[in-house]
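Each remark here refers to the structure printed beneath this line.
Letters A, B, C and D mark the chains in the order given here, with residues in each chain numbered from 1 onward.
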Amino acid sequence: MYSFKNDYSEGAHPKILQALLETNLIQEEGYGYDRHTEEAIHYIKQKINRDDIDIHLLQGGTQTNLLAISAFLRPHEAVIAPSTGHIFVNEAGAIENTGHKIITVPACEGKLKAQQIESVLSKHKDEHTVKPKLVYISNPTELGTVYNKSELLELRKVCNENRLFLFVDGARLASAMASKANDISLYEFSCLVDSFYIGGTKNGALLGEALVICNENLKEDFRYHIKQKGALLAKSRILGIQFAELFRDDLYMDLARHANEMATLLKKGLTELDYQFLVDSPSNQLFPIFPEEEIEQLKKDFLFYNWEKVDDKHSAIRLITSWATKKEEVLRFLEVVSKINKKRSVSHRL
Amino acid sequence: MYSFKNDYSEGAHPKILQALLETNLIQEEGYGYDRHTEEAIHYIKQKINRDDIDIHLLQGGTQTNLLAISAFLRPHEAVIAPSTGHIFVNEAGAIENTGHKIITVPACEGKLKAQQIESVLSKHKDEHTVKPKLVYISNPTELGTVYNKSELLELRKVCNENRLFLFVDGARLASAMASKANDISLYEFSCLVDSFYIGGTKNGALLGEALVICNENLKEDFRYHIKQKGALLAKSRILGIQFAELFRDDLYMDLARHANEMATLLKKGLTELDYQFLVDSPSNQLFPIFPEEEIEQLKKDFLFYNWEKVDDKHSAIRLITSWATKKEEVLRFLEVVSKINKKRSVSHRL
Amino acid sequence: MYSFKNDYSEGAHPKILQALLETNLIQEEGYGYDRHTEEAIHYIKQKINRDDIDIHLLQGGTQTNLLAISAFLRPHEAVIAPSTGHIFVNEAGAIENTGHKIITVPACEGKLKAQQIESVLSKHKDEHTVKPKLVYISNPTELGTVYNKSELLELRKVCNENRLFLFVDGARLASAMASKANDISLYEFSCLVDSFYIGGTKNGALLGEALVICNENLKEDFRYHIKQKGALLAKSRILGIQFAELFRDDLYMDLARHANEMATLLKKGLTELDYQFLVDSPSNQLFPIFPEEEIEQLKKDFLFYNWEKVDDKHSAIRLITSWATKKEEVLRFLEVVSKINKKRSVSHRL
Amino acid sequence: MYSFKNDYSEGAHPKILQALLETNLIQEEGYGYDRHTEEAIHYIKQKINRDDIDIHLLQGGTQTNLLAISAFLRPHEAVIAPSTGHIFVNEAGAIENTGHKIITVPACEGKLKAQQIESVLSKHKDEHTVKPKLVYISNPTELGTVYNKSELLELRKVCNENRLFLFVDGARLASAMASKANDISLYEFSCLVDSFYIGGTKNGALLGEALVICNENLKEDFRYHIKQKGALLAKSRILGIQFAELFRDDLYMDLARHANEMATLLKKGLTELDYQFLVDSPSNQLFPIFPEEEIEQLKKDFLFYNWEKVDDKHSAIRLITSWATKKEEVLRFLEVVSKINKKRSVSHRL
């Protein structure tokens, strides 16, 4: 069965494996001091077009989130996040486990609005509550939506006015950046946030996220935190080699563009068949709404997650495309849906 | 320059890369539910010859130590460790960062003695101190020595008498098990400890440690801890594939045997040249003592760590061999030492 | 200006000061081993009518909450609480700072309903989320409402079915127990919960809360936690003396009855003047709704907190009575309200 | 039996109780905003002769230590302390429980030497170890010795050179300041350290320690930490009243002078009887060495702690005097010792 469950079902892009093979027996320093990591950081800085940033290669999203947030905050400081934020919903209390509260506000299609931050601040005024200090958003969001420049500028403004850090979970950043909804360059993006990360796991790497720290005040001693949380790999080359391959040329964005194209194809096909979507997402995650019985039928041929019930008879499912998604499988999915759909129409008519 | 600094300078054993290539585009479940992880666990259990154990594949040594220890202990409980223990010396306070004190006793050639545990217990009797609950040792130790069965039995006895857990850091477990000093099977080993891990990073994997939980009471909900500490990889296949290769046949022990043989060769050569050792280590770490000026000369050709000063004019260095160590480089090292040594003899005679 | 802001504006009940004076120069053991603490525990057990419980005298509510919860839970386990819960709203992230997430559900007049627990459990099924393990409620709630026996039985049932602990914040437990809405004895109460505390600070003590641990499995090593969190007083006599006085005879309940009577008097008076309440609270906290301009006028004579806006022109205020509340001040308050009220009626008529 | 076990066996100095009585029914704000706390802080600042310091009234020593240290440090930063330091030996891992490692060096009569700090720093150079950031000492030390100005200046110098904080545990600060060994004013003291606390519990208060923060950078948001760790008392008046009494006039130093005088009397008497001391302590803690059998005999009349075995037949005991120590009991103690001593001399002669 073909899976649209996620964007980490396959291994790595072949170029990465090739690079692993070619460099395998060359002796390298460890703990981030290997030549590949150096090279990877060099290329990423080139792509961002900035040299005054720190970059650390880490292993996974939850690890990166907890590391960054716990390093950036003092014990009494808290995170503001949308209610759908991955750190709040899907990370087993990793942030709280480092001692910090997450204050949530109702997400609007996965997004956090600037005025929601102000509303939180108005309720956190003294030491009987935590002190909100860091704003967490994901781009794209957990619902596949993408922040545009104007939204980011507004968030930045509120953060500046209130001395808050803005941190972006970029587990799928490539898909956001490659999205038609995106109107901002990586350079501009890096100027609007204090820190963000560039997801590798979900865009062609075996594992790896590149944390970027833009705010000078947040850079000091970060390697200590990496080590202390158990995230400093001895064979750091495994991360360096992958990001070097992804960022040497345009591979990273090429892979995301493919993922987005496959999503667009799916979306177009489903729209033509008159399916609605839970949210209009311009990245590699789609949330089409199906009658329950059609979902059951689709599950005979494809793997995907049920996302949420929409009404008694309908649910949204989540379809994710990736760098590895095959066009023929997307077309086959649409074909199967089309057949099911026709059957329904016929049975309805009868 | 050839490096004897550590056993993680190269990439992975070629068989592992081959397996990565062959399975790369097959879709798999994530988060430890892929077929490779399942297979790896199956093979490891076969090698240990037990089915009543839980096995979790993790990324690195510090991560595994902090995960296991923080999951096994309640907040007021502490670790007893030898003063040379990796968790005390080289992990950036990772254990303390999870809230637990490490109580150290002077290590004897890297080892902890059973009576030292009793001595610690006699000083920790009420709630003004922490409550010692877990004994941490490394096998081989950080000085390359290997615990024999009788030593392990004594540690187990004291642990049983005092309701303590015995946890073994096995970052280099392969080298201990393959050592001539070892007189215990993996099965017996697993029966004497509550939990231990089987290091992959330092024995041919790109990354990965297999944590084994033997004590039934320590198994519950362990996956929650993995997720919470940011150690649950989405593409868990990268760990599964590697351990499956290492344990399908005898690769894991073969690699360790090679590392140990190379160490034995080095040791024999240096002994013949009349060099002393800081400690008589029967595994892949050697600590020969050299005059300072010889160390400087050796550093023109080889990379290695200075370990500690022995007296005004001598220091011990650390040489580590691995699965990837080339015999010709070992021989070349001995040759260079021999030349330096002769020059010294001559100059001494003059 | 007379204050109805809270129930901790005055010092201690005179009997407590008298006991401090009388015992002052007698040498006692420290750290909870003084004769007064022993005596206090004895009397509390008598009042609860159980001997198979552990009692620890602590200093304040937040301290007691964080101590109990962090001692009872493993790192990945979380708390379920109503959204108005003191630990969630007013304790500066104390619980999260010990590493545990609080999962909130919308409070219904300050209360948590049994089915809300089930709803939370249905969304926390695997290690991608925390594991709910402890249910936190306050009695009386932060809105002055009191749980009745049937509600507690339902909560217990759900907890039993799902292996959850039930913990009750009893900062104002006296007021709940003395309330007409209460239909349960302290003994029954102690059988329905795993742990709760008996607040002293808000019922006549200078400081002090008596934590009661009913569940056998939660008792072990609790004194270690007290020490580790900095809550083990050297001069524990200060806590022992107070609780001995409060529980030797009926002082503790007498004081609460007075507080409740004063609240009832206030409530009756305001009701007769046609004021509405945010919630119908049968304990020592009242939330009457006033026009904004009347609140401003009342503030010329009395201290109290604005609680929340009800509509554009009205807000609820919080009035709290205590063991020390003077009847003449309650009557004066009603008199002032009555005058303001009349003026309004007149001006409205004109 | 009369106790020389500690300096917290009695209640409070009578003036404190008197003040509690006189102010008891006056309504006050809570959480440190009462008039007494304000007054106390005013008086303490007067005594220190500085206004640019922050003062927070807390409950106990362990609480104050853990609060200050965890608020001052980032997660990867560690404490350097002498091996006899209270935080290392007697606080149940409270500091480690907040996530910070304590690096100890062998204490020299309870003291830490400046060069020991440098030695620690030389071994903590990168992220594989923690980063030493705060130096913890006690004054007087746990062995009753007192730092002189020159020692403090040296510590300060090393701290300055290495950007370390200097924090002083002053649980018995009064006794140090009142000691003949002290050659520094409170003002000078406050200029040499970043933070310290003024112990109340062990010098006449029922409970209470006054934390003084001198370093501007450590002041921000400290009240959040107090609340988060459960140390913000609702009825803060209990702390304010006590410190106001202790510091309004010279009560605080008068009490310490009495304690020290009683210790001097004891010391003189024992010296005349030819007893040796484990350490020459000039404060209210003495460590005389007795033959084991004499200790047994003394225990028939007095309470005190055995401190440590000196040889097969001798042990040091710990005698502590306080503000409440009665001169007649000191004389009686000496008399009993004298009798025992004579008996021994006689029996030895026979």
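Quick note on the criterion: a residue touches a chain if its C-beta (ideal position, glycine included) is under 8 Å from a C-beta of that chain, and two chains touch if they have at least 3 such contacts.
Predicted, not measured: the structure shown is a model, and the values here were computed from it.
Chemist: Where centres are the averaged C-alpha coordinates, which chain has the largest centre distance to subunit A?
Modeler: Using the mean of the C-alpha atoms as each chain's centre, the farthest one from subunit A is D.
Chemist: Looking at chain pairs C-D and A-D, which one is connected by more C-beta pairs in contact?
Modeler: Comparing C-D with A-D, the pair joined by more C-beta contacts is C-D.
Chemist: Would you mind pulling out the distance in Å between where the CA atoms of subunit A average out and where those of subunit D do?
Modeler: 52
Chemist: Round to the nearest whole Å and give the separation of the Cα centres of subunit C and subunit D.
Modeler: Roughly 35 Å separates the two chain centres.
Chemist: Where in subunit C do residues touch two or more other chains at once?
Modeler: 75-76, 91-93, 97-99, 127-128, 130, 224, 227-228, 232
Chemist: Applying the document's contact rule, which stretches of subunit C touch subunit B when the two form their complex?
Modeler: Counting only subunit C, the residues touching subunit B are 31, 70-71, 74-76, 98-99, 126-128, 130-131, 221, 223-228, 232.
Chemist: Please give the residue numbers of subunit A that touch subunit C in the complex, ascending.
Modeler: Where subunit A meets subunit C, its residues are 75-76, 78, 89-93, 96-101, 127-130.
Chemist: List the residues on subunit A that touch subunit B in their complex, please.
Modeler: Those in contact with subunit B are residues 2-3, 6, 8-12, 14, 17, 20-21, 23-30, 59-67, 91-94, 97, 201-202, 206-207, 224, 227-235, 237-238, 324.
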